[in-house]
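After this come two complexes, each holding chain A, first together with chain B and then together with chain C.
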Partner chain A sequence: MNKIKKRAYAGTLESSDAFIEIEPIEEDEIRIELQSSVEEMYGDDIRDLIAKVIKEMDISYISVRVQDKGALDYVIKARLQAAILRANDDKKIKWDKL
Partner chain B sequence: MDSSVSFSDFDFTNARRVKRVEKFLNTIGLDFPSSIENFVIAKDGNELIACGGLDGKVFKGIAVAPRRRGEGLILSIMTRLINIAYSKGIKDLFIFSTPNNIELFEGCGFKLIENCDNEIMLMENNDNLANYKNILTKERRDGNVIGSIVMNANPFTLGHQYLVEQAAKKSDWLHLFVVKEDLSEFKFKDRFELIKKGVSHISNVTVHEGSDYIISNATFPTYFIKDKGRINELHAKLDLMVFRNHLAPALGITHRFVGTEPYCVVTNNYNKNMKKILEDPDGKSNPIEVVEIQRVEKEGRAISASRVRELLRVKKFDELEKIVPATTMKFLKNM
Partner chain C sequence: MKLRRSMLFVPGSNTSMVCNAFVYRPDTVMFDLEDSVAIEEKDSARLMVYHALQHFTYEDIETAVRVNPLHSIYGLLDLEAVIRAGVDIIRLPKTDTVEDVLQMQEVIEKIEFKIGTDKRTKLLAAIESAQGVVNAVDIARCSDRLMGIALGAEDFVRDLHTQRTKAGSELMVARAQILLAARAAKIHAFDSVFSDVRDKEGFVKEANYIKDLGFDGKSLINPNQISVLHKIFAPSGDDVEWALDVIEASDNAKEKGLGVVSIDGKMVDAPVIARAQWTLELAKASGMLGGDE
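Moving on to the complex of A and B:
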């Protein structure tokens, strides 16, 4: 599919969670903007993780904004997947692919 | 966070709960902001410990009881407010507050637009200002004198027309911004159209829709300002610093034109602040020269939009004809 249809978000700003907003963009680009309370230690890992999830879901035009409050990897992954599924109104979720 | 904390939201129709929020804000030294549509509160047992509200695209009245600060309650309140705003389709959000809260709201994904001398600040939740500046940059025109006018024109009079004509004469190009809010008697759409029609004979002017970055005093929140005598000054400061540091550089604006204000003390003070703030040689961006243009008079009194509204109420169309252009007259007759 490589594009998302609309703006969507998932998560919360609370401790140990992440608030993720995604938006479609015109350029063929994956734009990641991260603000994390653990930037010093894990900033790059989180960015890698986000890029990986986006790639796994076959998206190549997307802007992602993440407010991370020290969420664990699988929380970030789940929040991002949820946002992307919401952005595409996916009713038939292929759970084995996630 | 204590597990006995519970959150809930409600809207302005819930008078009993709204009253509780008002009392809570008053106990911690804040006024109750007018016109909030949606509220979020946190309670511990039956005690209100934090709250926040949404008015259009502005978050207002966000507060945590002093002894419950540092627990992250604000993050839960903000998450809920953002959810409410997004579910209403409002995606551009703003916070006006005192600058000691900048870091707090940065932790919620908000970005600073302007901090005026550590007295008042404005933040937004995305990159809208940068996008808006890009749009403005496309409207840039060459010239030595790039003039600007900001007007509400409620509605457009011969006085406004004269101001635009004089400013256009003194400028290589003139950018005219129309304040974008619908709290005036005339709706934005109508004010905008009447201005466009009323200046269509002037060749070197662009009429811009105002944006969230031209802050109307009708939408400027004041509940957190302790010294009520300074409300107008702080509003002027914030509005003018955003104009000078963000909008003006995008368009290369060098001058701002304004009509002299003989009647209204508030506007007169605003004009004085304008000179001080836009012409200050020590700002972050180039100073902008403020040029006052003598208001045009008709039968011994300056033409004003408030006079037009007065005459319209008593339907004195023959009097109106003398102080509004034909384009506005046509609109008023068909109202």
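Moving on to the complex of A and C:
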């Protein structure tokens, strides 16, 4: 499992989008803080999705803050992946992990 | 028959538009990664479009992506992403020469080979300069992946040292050249966007004009323009009736072994029959004869 190099973010606070901030932490865990207008119905699903995306990118030691504005699954995925690639200054994208 | 009347531009950085464009049922959704996306959001827009292309909401709608030029640091990354995601058409920005198309084609072939896909990504060349218009005939014929050429009017008028007008006289030569080049190469011809979304009357006038010229369709920037454009491109009831009569007369003539037939005193020969068939296909695709819409 890899640590991200630095704090990064992606997304917007507009409707149908999500704003995602990530930062490295010292503990080997995936810490998720979620604010969502659909928290009650889909909160667990969104958390599962975030954890899955992070694991698929071989990342741990990470804190994720998500402000969800009614984003579809693939939007959350795209925003989180963008934030992780930015945090690592990753120019060589492993498409099979995305 | 695949209709390509409406090609809706969707900025890759506009999440709401990316997620909802399919609802408006344009003939083709054109995700943009080029001019409408700010430099600092090129990476996130690319990822957004990469995932949208694979989402079930875009399964039954033709998709295109306007990528950044290959000479930029984004062009190759864009292609890698969208070809992997299964895009149908790559729109080449600012196509000036045959070499621009061939270079893009070579890169696409390499990516398709690398990822082992059977899908053959098509190309649409956007002509946006005087040089491109002058070379349009050669460009249209240079690749069997090219499904069409399109006029990009905003950059073109700048190159021509003029500006867009409601009358559109500044685009007269470019439109004629692009249309003739496309027809000679038997590919589609697309007109440029009509930028003033508040001017409905102007849009209708321009859409009727380019339809009469012979264009297959038009790039659009506002979903509200889609149904208006589709109505303009639909054949009239009289046209459909005429086409049905022609086909019936032609079938009867064939049965009787006659080469030529006439309707209302007018000779019906092969070009007339072909036009009638095209009208019926358009009517069917427009939902007038139990078709798609």
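FYI, the second predicted complex is superposed on the first by the 97 of 98 C-alpha atoms of A that agree within 3 Å, B and C clash if a C-alpha of one lies under 4 Å from a C-alpha of the other, contacts with A are read in each partner's own complex, and residues count from 1 in each chain.
As a convention for this text, contacts are C-beta pairs under 8 Å (C-beta built on N, C-alpha and C of every residue); 3 or more make two chains touch, one makes a residue touch a chain.
Owing to the predicted nature of the structure, the values given are computational and were not obtained by experimental measurement.
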Put chain B and chain C onto chain A via the superposition and say whether they clash or fit. fit
Per residue count on chain A, the busier partner among chain B and chain C is C
For A:12, select first, second, both or neither according to whether it touches chain B, chain C, the two together, or no partner. both
Would you check which partner chain A:87 touches, where first means chain B only, second means chain C only, and both and neither mean what they say? neither
Would you sort A:78 into first (chain B), second (chain C), both or neither based on which partner it touches? second
Looking at A:67 after the superposition, I want to know if it touches chain B, chain C, both of them or none. Which is it: first, second, both, neither? first
Touching partner for A:35 - first (chain B), second (chain C), both, neither: first
With chain A overlaid, the minimum CA to CA distance between chain B and chain C in angstrom is 9
Chain B and chain C contact sites that coincide on chain A, given as residue numbers: 12, 14-15
Please give the residue numbers of chain B that touch chain A in the complex, ascending. 72, 75-76, 78-79, 82, 86, 91, 106-109, 126
Would you tell me which residues of chain A are touching chain B in their complex? 7, 9, 12-15, 19, 35, 37, 65, 67, 69
Provide the residue numbers of chain A that touch chain C in the complex, in ascending order. 10-12, 14-17, 71-72, 74-75, 77-79, 81-82, 85-86, 93, 95, 98
Can you check the complex and tell me which residues of chain C touch chain A? 15-16, 19-20, 43-44, 47-48, 50-52, 54-55, 77, 80-81, 84
